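Submitted below is the structure of interest, expressed as structure tokens.
Every chain is named by a letter (A, B, C, D, E and F) in the order it is written, and numbering of its residues begins at 1.
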Amino acid sequence: MSDTNEPILKFGIPKGSLQDATIALLEKAGWKIRQYHRNYFPDVNDKELKISMCRAQEMSRYVSDGTLDLGLTGKDWIQENESDVHVVSDLIYSKVSNRTASWVLAVAGDSPYQRPEDLAGKKISTELVGCTKRYFENAGIPVEVEYSWGATEAKVVEGLCDGIVEVTETGTTIKAHGLRIIAELMQTNTRMIANKEAMADPWKKKKIDQINMLLTGALDAESLVGLKMNVPGDKMDDIMDELPSANSPTIAHLHNSDWLSVEIVVAQSIVRDLIPKLHAKGAQAIIEFTLNKVI
Amino acid sequence: MSDTNEPILKFGIPKGSLQDATIALLEKAGWKIRQYHRNYFPDVNDKELKISMCRAQEMSRYVSDGTLDLGLTGKDWIQENESDVHVVSDLIYSKVSNRTASWVLAVAGDSPYQRPEDLAGKKISTELVGCTKRYFENAGIPVEVEYSWGATEAKVVEGLCDGIVEVTETGTTIKAHGLRIIAELMQTNTRMIANKEAMADPWKKKKIDQINMLLTGALDAESLVGLKMNVPGDKMDDIMDELPSANSPTIAHLHNSDWLSVEIVVAQSIVRDLIPKLHAKGAQAIIEFTLNKVI
Amino acid sequence: MSDTNEPILKFGIPKGSLQDATIALLEKAGWKIRQYHRNYFPDVNDKELKISMCRAQEMSRYVSDGTLDLGLTGKDWIQENESDVHVVSDLIYSKVSNRTASWVLAVAGDSPYQRPEDLAGKKISTELVGCTKRYFENAGIPVEVEYSWGATEAKVVEGLCDGIVEVTETGTTIKAHGLRIIAELMQTNTRMIANKEAMADPWKKKKIDQINMLLTGALDAESLVGLKMNVPGDKMDDIMDELPSANSPTIAHLHNSDWLSVEIVVAQSIVRDLIPKLHAKGAQAIIEFTLNKVI
Amino acid sequence: MSDTNEPILKFGIPKGSLQDATIALLEKAGWKIRQYHRNYFPDVNDKELKISMCRAQEMSRYVSDGTLDLGLTGKDWIQENESDVHVVSDLIYSKVSNRTASWVLAVAGDSPYQRPEDLAGKKISTELVGCTKRYFENAGIPVEVEYSWGATEAKVVEGLCDGIVEVTETGTTIKAHGLRIIAELMQTNTRMIANKEAMADPWKKKKIDQINMLLTGALDAESLVGLKMNVPGDKMDDIMDELPSANSPTIAHLHNSDWLSVEIVVAQSIVRDLIPKLHAKGAQAIIEFTLNKVI
Amino acid sequence: MSDTNEPILKFGIPKGSLQDATIALLEKAGWKIRQYHRNYFPDVNDKELKISMCRAQEMSRYVSDGTLDLGLTGKDWIQENESDVHVVSDLIYSKVSNRTASWVLAVAGDSPYQRPEDLAGKKISTELVGCTKRYFENAGIPVEVEYSWGATEAKVVEGLCDGIVEVTETGTTIKAHGLRIIAELMQTNTRMIANKEAMADPWKKKKIDQINMLLTGALDAESLVGLKMNVPGDKMDDIMDELPSANSPTIAHLHNSDWLSVEIVVAQSIVRDLIPKLHAKGAQAIIEFTLNKVI
Amino acid sequence: MSDTNEPILKFGIPKGSLQDATIALLEKAGWKIRQYHRNYFPDVNDKELKISMCRAQEMSRYVSDGTLDLGLTGKDWIQENESDVHVVSDLIYSKVSNRTASWVLAVAGDSPYQRPEDLAGKKISTELVGCTKRYFENAGIPVEVEYSWGATEAKVVEGLCDGIVEVTETGTTIKAHGLRIIAELMQTNTRMIANKEAMADPWKKKKIDQINMLLTGALDAESLVGLKMNVPGDKMDDIMDELPSANSPTIAHLHNSDWLSVEIVVAQSIVRDLIPKLHAKGAQAIIEFTLNKVI
């Protein structure tokens, strides 16, 4: 359907738990992706892109062998596949908490196991067989590692295995199953990865940079807000003392007045402490607003 | 889980019809509350708070006896329980309309009852037994007041009672049951209430003030918007005449120009009348934007 | 219910596929419409309006005969009904894509028909019987046109007719049924239409203008965003070269600095290309924000 | 897909409100119909049948012109289309009540109209335009009849027309809209109709008879149950007096006993009165069981 | 709506958790109840009945004072209300398990309380305030009993009370909250209760008996099945030894054969053990079928 | 929780697509399984059983090593795991069609591949890696087989592999993706498998036989129905000619009559042809009823 003379960047989006969050983030960044039933290449409003929906587990294979130029997947599955790809950036977002997740070793809460070495000779169930094997090999602990098709936590409870290696953001699900975490194998987060030959192609490199800048800008904006307030000229120094130093404020004189208009982008997480302080120091008409992108 | 040396404010959130609206409002204010299945103390991203989910009907009991330091509940249930608490603020928001609600006395549309005294000797069904009894006692009207487990409106229709005392925001549900309102017993809205001893503790008092300032600021922002426009210098006075006097606009000179940039926060409800007037007086590039908080 | 001395504008909103999008757009414009079960005249927070929910197919009849003063409906159904109404404005929005839609003539993908004239003597199924008949009459092609109660695409597949005339935004549904489009009969989009006598009444004319201005402003805002950035004074000309000429930016001096604050409203669709260029030319602290209305 | 030498009966099933009930009834009768997404000819486990899903409104057209051999549709739409078809049988079933439905003339509850003639010169809205016009013409009452795309009841309430002709089983929806029924135009129920040439083809006639026998048997079974009981020989005459005469019971001697086993098929609706009487007359071990088909 | 000369039995059905199960059971018994939106007296296909939907908690009040003639509610709420009614029968069915339920006293799993007396001076939260107070008074244990609007289990966990009295069928929910049961206050199940004057009215008494017979027969049938098998004449005694003695089988000679047909109604719960035994003893063609009613 | 002296059979039920069908079948057979949230050993109303929910893919591993005594899983996964287990029986049921399913080799509909050997040197994606590798090795065709985490059909369409090996009952999903089946690798259906040591334990063997008899009886009953009819004595031979020979009918004399009562269990699939024939030969009062079990 696309003219063969037009360059195209083949971009893989992860299916499954991260899919909706990824599509929403790309829309904020400026690319609208529409999936039609039984249309495997979702529409995107950019004729320079061809989108594929792939399992996160398989993504790095396809980026590595050039089936895709660019992909979003977890650091964990890149390592599991031992894929040779260029890491463009780390993007910390998730279905739940926008935190990094961890693969952890967990055992029954009432089991005697306290450290990984206590599992020598035991059976470990996991979806991440390769990394798990390498972890125990490096530690010199002989274990049997078995591929698990899912519901891995339940296997310890049912006595189908002795320990599991499973991914978690908050530990809640693992604790809710009555399990106890005894080691962390690896932290993971979403990564933008590119095929190495694609990175050597100037057109593709530039397109990847564009996507990365906008996607990063949209992701950053999710944890930031804009604050705007009016400040009497003589209180400006006091106010400046309270503002985080990272982002310098935009300050303008108000018309026919000694007051200044102060506008600044700050982390959403500090606002509830910052506003009372600014108010106490004399800032007035403080408004907070949402940002789509911050570059 | 929390170190006993760290001060903690115990904060009760009402379960049920207001729960989602309250959690959304707290998130806008800066506190993210996450409820896990079977976790009775929801997580909150503030280690100085411990959140409990309680029935609105029972909240004031717990605040009064110090089980909680702070709570959100209706004025109606505070009076029903005759609880001795400190009222921090009134917060007018609801599941439906952000208006205050009323407890009203209603009878069958085709009944002969026109005034409360017509119900002398009759049976009244209500969930608000205490306030209803006091209302009729003060009026010197002898009635039988019976506790209703719900679906109170239907009881009049089915002939199970003669009148009901029920809460309503718009009267729609009551009318839809073919009932007629003959008196208003009390108006009610959400109140932030605090334990009196907690108010005397400086750390708790300051924490309560912070929550109140941010929650009020987030609630106020829901009915306000920001407007920004460019105005020719010589039309500025005309434009000022149209702007509501309560909030003074932020006015700045534009670069190399006689035009001024005017920014103002106004009630959303007046915008549809204000914009045509501003436009007619010469304002240009008028944009409206949403606010998260206005302090 | 309304005092007969107060003027009222009777405004028809289309039921069905556009209903939710229309109500959302009106809310952004400043009118909150609430539909109660079995209340045929939805509530609106403007006592000068009376809202009716009507089928798009029937709207122009009611506007034409004065049952309604103002209505939103498709250009297609205005033509189908050959209604004599005043077109206030075209509003390009939809459930799906905010594009105009087309009524097209489609046949089975594996049929021999290539042009409309190939269907001479054949049966055409459509909901738009009048326009379809006129189209074929104008082209001098004799066909049988039959009213279809829905699921029109399937009729070609099942051999119940030879061709269909159906509406489509993207062609996706038609292709998904294995059909082939061989002609476009008409493009259509939502129109605001008014009764001609209502347009001659000054009060109604002014009310219609207000609704049109705010609705258009809210609709425009959906495809626009605000950008704000800080620019070094000596880079300002470079930056200006990149900005689209249609909307002039609002530029202000920053306090005690050579930098300028630049704010502009641009089409959302160009942002992903514009931001990298602005950044490359020296713009900093670029933020993008959403707009409710742009007048 | 089917060999052209094998005879096939083309059978139309009504889409929409009756679709699920019809497919369930056919399954009870012995034909399993499975609809795959985008498969317009649903699968059926009988290679002698080809099933089409059609609108009830259009069915009789297709049966009349031989596009289909057999179809299920309403008596109302057969008359509306004035289709020349063979009526195989009447099947009284529905989504709601397994009663016949009626098309009635209804007006606003508070309107002055009491009889059809009161509507002379007025506007009637209906989906059944043809029958409605003929009804008023036969009665010599001049009215304007307008096609309604749905939500017809609401049109009277909103003042868009003076009366409606609408279908109803129980009158509940009409009354719930505050309308009053002033005349019944026609009763309707589902009919099995066949193309007249198909009825003249012996193979098709036999296939149609088979479908009719089994479908009727399955439908009859829905309102019947089996009862089985043990009766002392000397009470048999008393018991016989209570049993409905239409269906003669199956009576067998019990082994080594004077007791008889009595089994009978009766209308479900009389069971609650019949069982207490049988029990009072000495029947024991009365069991009731469900029937799939009764031929 | 009903002629005042026709006798009517006013029958109350419990709203809420048992509602669907009750309506389904009544349908099996022979009464179809249809609830229309906003129709407080549901339709029933028996003009001798008038159905009301009432809270189980309030039912016995209405039966006691004659507002209703007959009602279904829990033994617990009859006792809570101390209502003077005639108990027609006990009906053991439920939303979950068709077992009786119990009101139990439960405390936090890790609390020191082991017996009711350990709660002397403590706070008990319950919806069943009256019975709970009487229980502790009878035991001479002073406690504070507080009405709970729901989610009672959570209150112990959150420290809002020391113990709860709550209803449970299996204990699962209570254990899932980490609570420990330390006493059972009362067992409860659904009861059919009648007004005492209604029982003295011969027509009402007979109607109540009919409803009770059919409802009991339908309920019994839920735990029973029919078994039918062919047995060689000489094995009949062996087979008889295996059959439960309560229900005598229906035995008939087969035509031109030494075999007997044996039919029996047995508890569903014993079938999985009974069938292998019958099969081992020579029974053949064993079929099991469902029963609607067993009287 | 269970006394160690009581023998227990550990029985594995497959999670996922077959789970609901399996639990429903076991309930018909006589075992009620109730799954509580976060209870990994579902409750079963038989203290001789302990139920585990396992992935079908992993079941045979656990049965083979004695973690479970008995399990239900697919023949395919038993072979994939090369597990050494005792096959108790084949149970042909499924979520969809109660037919056996097949693992097939499929390629893009427009690809040049016609036979397995055409895929030499190509990439095959499948969840059934072991069987697929063995299949191609046996055929002497060198291919690359890659584990697929799901959505395997889409991979051919997206160009991520050249062929797939996937399971299908009807081929519908494969065709709907535009793929073409070029070979069948294996047929599969659910199997009841037992641990070999468990089969040697008399108590466990007997329990397994009981489960197998009842489960098979319940499954058989799904495709059978009971027919009962009255037949004149002199037509009995004619009727017998029509009845399938496999199941001999139960025939009894009717009381005081020359008629016979004939009862027979037949395949549901032949009923629609059988009933018209029986009716034509003189059978009357033919009723069809459902069976729970047929042993």
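As a convention for this text, contacts are C-beta pairs under 8 Å (C-beta built on N, C-alpha and C of every residue); 3 or more make two chains touch, one makes a residue touch a chain.
Since we're looking at a predicted model, the values are computed, not measured.
**Student:** Shortest hop count from subunit B to subunit D along touching chains?
**Tutor:** The fewest steps needed to get from subunit B to subunit D is 2.
**Student:** Can you check which chain pair, A-F or E-F, has more C-beta pairs in contact?
**Tutor:** E-F
**Student:** Please state the rotation angle, between 0 and 180 degrees and to the nearest 5, that superposes the Cα atoms of subunit D on subunit E.
**Tutor:** In short, 120 degrees.
**Student:** Would you kindly state whether over half or under half of the residue numbers at the subunit B/subunit E interface are used by both copies, giving same or different?
**Tutor:** same
**Student:** For subunit B and subunit C, what's the span in angstrom between their mean Cα positions?
**Tutor:** Centre separation, subunit B to subunit C: 37 Å.
**Student:** Between subunit C and subunit D, what is the gap in Å from one C-alpha centre to the other?
**Tutor:** Subunit C and subunit D have C-alpha centres separated by 43 Å.
**Student:** Any chance you could list the residues of subunit E touching two or more other chains?
**Tutor:** Residues 38, 176, 252-253, 289-290.
**Student:** Following the definition at the start, I'd like every touching pair of chains, please.
**Tutor:** A-B, A-C, A-F, B-C, B-E, C-D, D-E, D-F, E-F
**Student:** What residues on subunit D touch subunit F, complex-wise?
**Tutor:** Subunit D reaches subunit F through residues 29-31, 36-38, 45-46, 209-210, 213-214, 217, 221, 226, 247-248, 250-253, 260, 265, 289-295.
**Student:** Subunit E touches which residues of subunit D in the complex?
**Tutor:** 172, 176, 225, 230, 252-257, 261, 268-269, 271-273, 275-276, 279, 285-290
**Student:** For a test of understanding, state which residues of subunit D touch subunit C in their complex under the given definition.
**Tutor:** Subunit D reaches subunit C through residues 15, 38, 40-41, 52-55, 57-58, 61-62, 67, 146, 148-151, 154, 157-160, 176-177.
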